[in-house]
Structure formats: C-alpha cells, structure tokens
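Mind having a look at this structure? Questions to follow.
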Amino acid sequence: MLSSVSEVSAAEIVPQVSKDEYLRAFRWLLLARVLDEKLAALYRAGKIPGGGVYLGKGQEALSVSVGISLRTGDVYAPLIRDGAGRLAFGETVVEALRNCLGSVLGPMRGRDGNVHRGRPRDGYLPMISHLGAMISVVNGVLMAKRFKGQKGVVGATCLGEGGTSTGAFHEGLNQAGVERLPLVMVVANNQYAYSTPTSRQFACKSLADRAQGYGFTPHSVDGTNLAECLKVLGHAVALARTGNGPQLVVASLLRLCGHGEHDDASYIDPRLKESEIGRDCLELSEEHLLVNSWASKQELSQWRTAAQRAVEEAVALVQKEPSPDPYTENWCALQTGRFAEGGSK
Amino acid sequence: MSITYLEAIREAQARALAEDPRVFIYGQDVGDFGGAFKATKGLAKEFPGRVLDAPISEDAIVGAAVGAAIEGMRPIIEMQFADFSTPGFNQVINQAATLYWRTQVPCPITIRLPSGGTSGSGPFHSQCMEAIYAHYPGLIVMTPATVEDAYSMLLEAVAIDDPVIFCEHKYLYYHLKTDRLPTEAMPAGKARIARPGRDVTIVAYSAMVHEALAAAEELSTEGVEVEVVDLRTVKPLDTDTIIASVARTGRVLVVGEAFPWGGVTAEVVARIATEGFGLLDAPPQRLNAKDTPIPYHPNLWSAHRPTANSILAAVRNLLRL
Amino acid sequence: MLSSVSEVSAAEIVPQVSKDEYLRAFRWLLLARVLDEKLAALYRAGKIPGGGVYLGKGQEALSVSVGISLRTGDVYAPLIRDGAGRLAFGETVVEALRNCLGSVLGPMRGRDGNVHRGRPRDGYLPMISHLGAMISVVNGVLMAKRFKGQKGVVGATCLGEGGTSTGAFHEGLNQAGVERLPLVMVVANNQYAYSTPTSRQFACKSLADRAQGYGFTPHSVDGTNLAECLKVLGHAVALARTGNGPQLVVASLLRLCGHGEHDDASYIDPRLKESEIGRDCLELSEEHLLVNSWASKQELSQWRTAAQRAVEEAVALVQKEPSPDPYTENWCALQTGRFAEGGSK
Amino acid sequence: MSITYLEAIREAQARALAEDPRVFIYGQDVGDFGGAFKATKGLAKEFPGRVLDAPISEDAIVGAAVGAAIEGMRPIIEMQFADFSTPGFNQVINQAATLYWRTQVPCPITIRLPSGGTSGSGPFHSQCMEAIYAHYPGLIVMTPATVEDAYSMLLEAVAIDDPVIFCEHKYLYYHLKTDRLPTEAMPAGKARIARPGRDVTIVAYSAMVHEALAAAEELSTEGVEVEVVDLRTVKPLDTDTIIASVARTGRVLVVGEAFPWGGVTAEVVARIATEGFGLLDAPPQRLNAKDTPIPYHPNLWSAHRPTANSILAAVRNLLRL
C-alpha cells in the first residue's frame, strides 16, 4: 500500500534531474573528493592530531544527493562518509578542516574531532561514534518541530550497512514509523563494515526489505550513479516532506578507500572492485557530463583546480589557527556552572 | 489534604506542563494509562498531545529526548523502572551527557528512574543506578528523600539546562506523605540536615534517609544524638555540608542502598577522607547492600539492603571505635 | 524464495494434528489455566511474596504449542505468559509454584521469583525481565550446540508484540539470520504491551512482515485456535530442525487478563474483546473436543477436577516448604568463591 | 624476541584456543582481519571455525556468549572499543552477572575491552569503564598493567568460571614490551608491589601504573622513595596489599584514568579510610581524569588525564600534608 502511494507520488513530485542540479551536485562531489584527498595527504604527513581520517571515496554521489535535497529548516545527521553531503548541506571546507585539525575555532573547538562535527542549532547534528545512535535524535528534533507546529520539514540521516545491525537502528526506525515522522533513512551498503562482509552482517537479500516492517517506503538506488541518486533522494525527501511518512533509501556501492586511512582494505574482494558497484562515482559523473556535453574536459579540469585551490587556501588558513589551550579551557561539562564539581582531587 | 511522594511527582509534572509549553512527557504507558506507577495519571487528558506513550525502546526514547532538547523542548522521560534504563544507557552517557561539552548546545532533559527495592521485586525491578550515572561528566543526579524534595527537585530538574537523572524511590511512593506541597525549596546541589545531632553523622540519601532517621530515633532514647545528612543530590555532591557535619560530630557512617563496590558511599567516604581527614575521631564507615543481585524473597531482600537495624548496629560499632 | 521452501516442506513434514496430540496439548492447556487461576487466588489472598503475578490467560493455545513441539535436547526460553508451554516442555506444577511462592526448594531458591525460572542445564532458560534479552542467549546455546556437532536441535523463544520494539529483538533476530540458526521466534501479538496498543508500538500491518528482513521464514497463526497453533508451531519447529533456518511465528490473540493481577485492564478496547481474537482458546478447544467427539462434557469436567486437584496438592506441599534463610544464605554472586569480596562495610 | 602487550593478548588467546576446545572468539572483525587492533591476528586461520566475525550488535554478542557459556563453552568476546560495550551493557550486568546467583549455573565468559585514552581518540574511543562494571555483583574486573599480566591474566580470565571484564589498555598495546612470556604468574585478585618504597604509596592500575612509576623515578632522584602498588584486578580489590603498603608508608595517593566521580580511586580511598585509618599520617589523596568527556585534541587530552607530572605534583603536595 505504502509503496503504491510512493509510485504515484514519485511521478508527480520528482521531475527528471536537470543539468543545473546535476552540475551543482557535481561541484560539491568534486570538492568533497578533493578535500578528502587533502585530508589523506595531511594524514600521511602526520598533520592530523592523533590520528584517524575517514573518507567517503566512492560514496560522494549518494552523500551529496542527501545534502542537496535538504533545505534550511531541515535536519541532517550525516555519518563518517558524508563529506559531500555536509558540504552540500552548508558546511564550509574551513569548518571541516578546523574540526579535523583541531582548531580552537572549529565547531567542536578541539574537544571532538574529525567526522564528529556539526551545528546542532542549525539542524546539522554532530554524530557520536556509536552507530545507529543518531536516528532517534533526528526523530526527536522532528517531534519537537511537530510540537512547534512546523510543517514541511524533513530529517535525513545516514548509516552504513553494518550500522543496521545495531539495536539503535531498529528502535529508531520503529519510532519514526510509529510517529510517522518525515525521516529519510539513508543506508549506504558499501559491502563492508570495516572488514566484515555483508554475509556476516545480515541475512536478507536487500536491506530495503526491512522497510515494510517499519512502515517505511523503500527505495533502492545505484550509489555510483549521481543522476539516479539525485532522483531517488529527491523523491524520498519530497515524499517525506509532503506527509508520506518515513522513507528508507538503500544504496549499493563500494567503499573505494580503507575503513580509515590506516587501513589498506586488502580484504575487499577484487571481484567487487571490478563489478558495477566498484565504479568510481566521480569518474562516472565526469563521463556523464562529457557525454551530455554539460561540461568540457577543460571545464572539468578547471573545476578541479578551483576546488584544489579552495582546499589549499583553507588548509593554509586553518593551520595558522590556534590549538586549544588546556589552561584557558573551561573544564566543565555542564551548562549550569553552579553544578560543576571541582572534581575530587 | 495529604500528598504522597508519588503524587508530588505527578503534581510537579502537571505544573511543569502547565507553566512551560516546551515541556512534554514521553515513556511507556505514560499516556491515558498514567504510567505503571500512575505518576502521570490524568496528565494526558489535561495536556492533550503532550504526554506520549513510547514503544519499548529505551535507546530511542532517550535519543528522541536529546533531539527534542536540541530543538528547544524540555522533555521528561519516564523509564518504567530504573533497571530498564540499561538499554538506554548509551544514549544517556554518550549522547545526552556529552552534548553540551562537545557543542555548547545544552541538553535540558529529565530522566525519571523509579528506583530502589521494594519487597518481592527481585533482581530486575529493584536497582539503584545513581552511581552509574553520576560517574559520567555532564549529568546531574538527584535522589529526593522527601515528598517536598520529590516535588521541588523535579520542578528544578525540568528547569535546569543540563540532563538530570531523577532517581525517585519506589519504596517512598506510597510510604511518605505530607500535608502540602512546598512553595519554596532548597536548591538542588545542597544537602540537608535531616536531623541535627552532636555525636555521630549519618550521611544517607533517598529511602535510606528514613532508615537512618529511624535508627537515630532509637539511639536518641539511649542518649546518642545522631545527625542525619540527606544528600538530596548525589552529583554534584555537597561536600561542604557533609564536612561541616563531620566537623561537628567527628564520626561518620555513610549509608547507601546500592551495591557495595563503588557507588555513593565510596565517593562520600573518599571525599571525607581526603578533605576532612583531620576532623575524624574514628574511621569513617560505610553500609551498603550486599554484593549480590537483589533477591526476590522478602526474607532475603530485607537482609540484603541496609535497614534501621543494620544502621543501628553500624553506629553502635562506630561509637566504640 | 524462503517462503516457497517453507510451503513445500510444510506438506511433507507436518501432518494434520491428530486427536492424540490435540488431547495431550489440551490437557496441558487446561492445567496451565487452572494453575493460573490458583495463582490469581493466591495473589488476592496475599500469599505471593511481594507481589506480582503474571498470567497467560488467552495465550495458552499458542504457548502450549511451542512447548509441546520441542523435545529433549532443544532449548526453550519462554516469557511471562508461557505457563502452558513451560508445563508442556517439562516443568512441573510444583516447580512453578515453588518459584512463585519463593520456596527455597524452587529452581531459583527464592533469589528470583514468579516467571523468572528455569533450568539452564536442561535447555530451559530462565528469563530476565529486560524484554528481548533472551533471544541472543538462545542463539548462543544453539551456536554452542553447533560447535559441539549436535544436529537436529531447535531453540524456541517467545515475546509479546511490545517486546519486538527493543533493540535486543532486532540484534537477536539478525544474529540468528546471519548464523542461520534453528531458532523459532514466537511473537504473541496480544494487542497490548501493558496499556499500550499496537498503534503506538509498531507501524507495519503484521509483525510477520519483519521476517524477510532477517532471512526468517514467516508464519502467521490465529492464536485462539489450538489446532492451528499446533500445526503452525509444529511446522515451524520442523523446518528449523531440518536445516531450513530461523522461523518467525506471529500469533494474533488477546490478553484475557490484566498485565499482572494488579491491573484491571480497563484500557482494553471492548470491540477487541468481542472480536474473533478475543475468544478464549480454552473454550474454543473444549468446543472442538466436543464437536469432534474427542471428549465428552463429563470427561472435560473430570479433567478440570483432576487438574485442580493436582494444583491444590502442589500448593499444599509447597506452602509447607521452607522459605530462604538470610542467615544461612550464601551471599556470593560468584562461582569462584575466592574472588568474593566481603563487601565493603 | 620481543613481545608487546598487544601480542601477549594475542598469544594468550592462541594458547587458550589451543588448549581448550571449549574456547572460541566472537567479535567485530576478529576473524580473517584479526581485529581492529590485530589482537586476534592469524587466529581465524590457525583455529578454523572458532574465531567468528560478529555483526555490529553488542547486545546480541554478549547474549550469545552467555548462551554458549550455559552450554559449556568458554567464549572470549572482543568489543571493538570499551566505549562500544554500552549497547551490550544490559546483557553484561543483568544477564551474565546475575546468571550464577540466580541459577547456580556458572557463566565463564571473558569480555575484552580495549580501554583508555590515546592521543587524538576523543570522547568515544578513550573511555575507561572498569568502575561501571565493578559496581555490579557477579563480575570480575581485570586491569593488567604489564605485558606479563596481559598474558597470564587473560589466560586466567578464560579459565575462571565467572564472567570477567578484561580491561586492556590501548595506550600500552605498542608502548610496552617484554622479552618473554611468563610461565608462572601471580593469581588474579592479588595486587603487586610494582616498586617498593618507604615514603609514600601510590596505588594505580593499568596505564597509570607507568605514569606512577615515572613519577617515582623522578622523586627517587630527590630522595623520596615511592612504593607503587599495581592493583591488577579492581574487582575483587586486594585490600590487604594496599593496606600493608599504607602501613609501611603512612601516605597514599590513588590514581585512576577514569572520570572523578566514583570509580576505582573512590573505592580504594574508601577502603583505606575505613580499614586502614590508623595507619595514615596524612589524608589519603586521589588523582583522576577531569570531569568532562575525553577531549580529542592532544593538548587537551594530555591535561585531561593524570600523567607522571600531575602525579609528581600530587605526591609533593601529599608529602607536605
């Protein structure tokens, strides 16, 4: 029933992806890739405090499609491979770098780092590491917006296929179903959770098979295809926005990097790399631009250079920024200062 | 009029809902049914759409509360029993408790934990979890021992901009009564001298305050004047009031209903030892529950937790040291 | 695909329910009802220490069908409304009463009470209160049996529809799917979780819709109909036993008592009480026996009397048994005594 | 040959698998990949079918371990980080920890928690959870500080018939090395004098033992001889060894890496105060991490946890009291 609703509304609500939209998405995708490449370089150069760098290579088409489908007033809780979506949702390169390099001017002021960043007051929620835990937080924001009478808002959040095995995932989806919230749950099935293949992670054919059990509308998408991602995410977001309840989008793709930059990912099945899902969404979208004559080779290379310049400038800026200072740091975890304990020394 | 501890909790929630449109209540069976203990009785009808039944999903319940708080609401969460907060533990300590430190966005949620032992409730409906939550930075942990505190501290919990773990004691729900609700109150974070005395201090909280007071009455007939300190809030701890009492008496017994390893009694004794060492005329003493799960059978249960009798014995022993 | 496997094997493996089997099940069902009635009476008389009594009225046909379909070597983790299944699996009335009355001779020796009872070494697992938590424990027993090379065993566990909202339910089912364990998950949808109706608990049409997402074979059953319950449970257990992977059985029925005996259940929708699922499985099975001439009215009343006598005798016995003694109790939660702490006094 | 703390953990598991067919390993990425930290490197190949990758389901992982233990196996569970044990918390404290008390059937499971801070790991990959688990009856909590202990205590953990929470410290994984694995060992439950001294006692455990030893070296050059007690097991606590050391020195500082409210330092100070009061020449002192989540940036992190320097300052202060 739900899915027939979705078929109907699909045609009505979502037009084909326009050249403009595609180009806009592509530019974010490209910028995210360039930023990731720089982060990897900084990591190799030992410039990332402490250490982890988690990249989104191969997942940018999906991620950017989420971020670009949202608008001011919406809620977004991205995960570790969502550099592209973050940029599209409104994060700046400087902000991202500040968090990764631990600048005191960054959104978490050095207290938290790398992918753990956001601006909760702007609907951009900073993930905690525990997988699945952000879903119900998005639900809560949406419930609050409903209390306040705000209409037409959407909440989107992302997770890898491994994260779907958490109890938090289940409770969050069930809650969204019961409350019939405008939640768009995006699952990036990149075939591995760290080293663990899907055969050790779940036993259904597609994770979209779980939608029905929660009263979600299911959507599947080829995560390597930017046009398809834009269409399906646009559709899912539009459905949620127009009162059609929660949506589950499951994308097939492959992580084209290590779990983190410390990981050579040698466990990835070479057959997957050579398969359709192993294709690089950046390369595919460049081809798409060229084939459709939406961009020339020269333009593509200019855009890349521009992105690189933007990233390099941001790095130069952020690297000059102060690190947090433990002596001036306010070591208090409470807003209500009078309840702080000195700590028992 | 006579108001129980449980009714005070209901009244505080009614008032919070009435006075602040940002307040809502979310938890299993809290709606039309009024909650497993009836702590939200009638509120769903009185405040339509603001008292919501939740699925049996403690993780998602707490997560949603955090989200709603980010968006400016002030949710009150009822766990059906404190024991069932464990599946929500991760969201409490890693999501709610860290939000402000990480983002400077406050997280004003109140999590009500019906806590503590009652006869026959067994290992999974009797637990005291205050120490577990108090261990984590970013949380305030309240343990009201009186009807007045149940009322005023719950109102304060809802008003505070930080996550509050509100440990209300099930044994006190019906056992404690008062004539009228307070109009003004001691602030949270301050301990209370529940009974003044010059010979020995008992530090207690929640239901144990009443066991301590009963023991104190008994000792009073023997000419021993016990001062009972009711902690009220276990995080932050009001070390000043504790130390001041120890300064007066020189002897202290700290009583808690929780398991013996760690917990409030360890923290309080450690503070007294480090900060009030010179004031002690005898070693500080502790009394906790036994180091086993909480037994079902009333015979075992009454031996498992501290009571007026075991407190009496401990004080007598302390006076001989 | 899985469900077509199940259709095929169904016919092969499960014959119609025979008179003998039905009668055997009916006798347990009746005994369970009579025991419950006595427990309710003991509760009202203040004879249950402390207090809670949780009954299975209306759910006995389903419950007994689970217990009776299992055999020695199988694993069974019943829940609060499974008095009938427990008896069919091999628990005695005396054992049940000992636990409820807190006899020191009971399986938990007064340390735990009422429905929290079992004999783990006999494959009969004692529930903890946290809903959903027993599923993965059954999985673990089944994994261990596989390690040991034991074949042809089944693990069955039960939960109310409310319990399906827990993260533990999800993680447990997913785990069983990944390990392809012979787990039979029985969900009794009795329309309420304490006072909470299903509309506030989940958003799918039937909880059987969740089977596919875990690689389980789904089964639905009218929980008021003993013959159907026996057939479907027999079928599901047979499938699991013969290597067809995990099974999800969802039964529709109505709780015909309070959540516990303290609860008047006035929140139950009267229309549900009058509907098909509101019928009493005991009455229906008595009718079935009479209609099929499998038993006479006289026999039915003799059986009830016999059951009552058995229960009364057990009560008389157990009430004379000693309560636990805190002074001789071994207050040590560890098997390894040398690691016990005196407790900090 | 040189063996790290991490390799010792791998070797202990290899030996447990080799010697006892009831042992198996279950956890995320522990199979062919050998675990996030490589603590199970090569074991899946060496012991086919006995080292199993788990889904990201900490609750079900622990639940399954309990079930397997009931059926006579001896599972070793690896949590990817201690911090991620929170979704499995309920099964640990309510299922595993209560099983024996409720049923007399033992629950021999070992849960390995890669614990503690390393630079840049931030709020969710740095936590110390020993106190949380130690609070609950029915659990043994080990916190090895040396390569030898990592090896022998893990073997003992697997052999023990009770659930063991094995807190291995990530900072020590690569930092600590030894020449050969021990053939005999002190039993778990006994503390160790890591360094004898007559002037002051430092009680520590896990990574903090090494910070304490470094501080002790420095103080030794000033003529102050510090005795360092390595707790090894935090539950049960070896109160006798602690008290005996305090009896020798009269002064004690207790150091822990965890959050300041409660925790091991509170329990140890409380035991010393209650049981060894008369032996103290000065108030016992504590040193913990700060009362905030664990910060990401190395500058903040190194100020957040106790270090040789802050221990040094605390001891100097203690000597003046």
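When the chains are written out, they are named A, B, C and D in that same order, and each has its own residue count from 1.
One rule holds in what follows: a residue touches a chain if its C-beta (ideal position, glycine included) is under 8 Å from a C-beta of that chain, and two chains touch if they have at least 3 such contacts.
Note that the structure is a prediction, hence the values are computed from the model and not measured.
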Chains touching both chain A and chain D, listed by label = B, C
Of all chains, the one whose CA centroid lies most distant from that of chain C is A
Centre-of-Cα separation between chain B and chain A, whole angstrom = 40
Round to the nearest whole Å and give the separation of the Cα centres of chain B and chain C.
-> 36
Once you find the CA centre of chain B and the CA centre of chain D, what distance in Å lies between them?
-> 30
Taking each chain's centre as its mean C-alpha position, how far apart are chain A and chain C in Å?
-> 43
Contacts with two or more other chains, residues of chain A listed in rising order = 108, 111-112, 116, 128-130, 165-168, 171, 174, 178, 200-202, 333, 340-341, 344-345
Residue numbers in chain D touching 2 or more other chains?
-> 54-55, 57, 59, 83, 86-87, 90, 94, 97-98, 101-102, 123-124, 137-138, 235, 237, 261, 265-267, 270, 274, 285-286, 290-293
Just say which it is for the chain contacts: an open line, a closed ring, a star, complete, or other.
-> complete
Residue ranges of chain C in contact with chain A within the complex | 165-171, 174, 177-178, 180, 199-204, 207, 209-210, 212-215
Touching chain C in the complex, chain D uses residues 24, 49-50, 54-55, 57-73, 75, 87, 90-91, 94-95, 97-103, 105-106, 137-138, 140, 160-162, 188-189, 235-237, 267, 270-271, 274
Would you pull the chain D residues touching chain A in the complex into a rising list?
-> 28-29, 31-33, 36, 53-57, 59, 83-84, 86-87, 118-125, 260-261, 265-266, 285-288, 290-293, 295-304, 314
Would you mind writing out the residues of chain A in touch with chain B in their complex?
-> 107-108, 111-112, 116, 118-121, 125-126, 128-130, 133-145, 147-148, 167-168, 171-172, 174-175, 178, 333-336, 338-341, 344-345
Sites on chain A touched by chain D in the complex | 48-52, 102, 108, 110-114, 116, 128-131, 162-163, 165-168, 193-196, 200-202, 267, 323-327, 329, 331-333, 340-341, 343-345
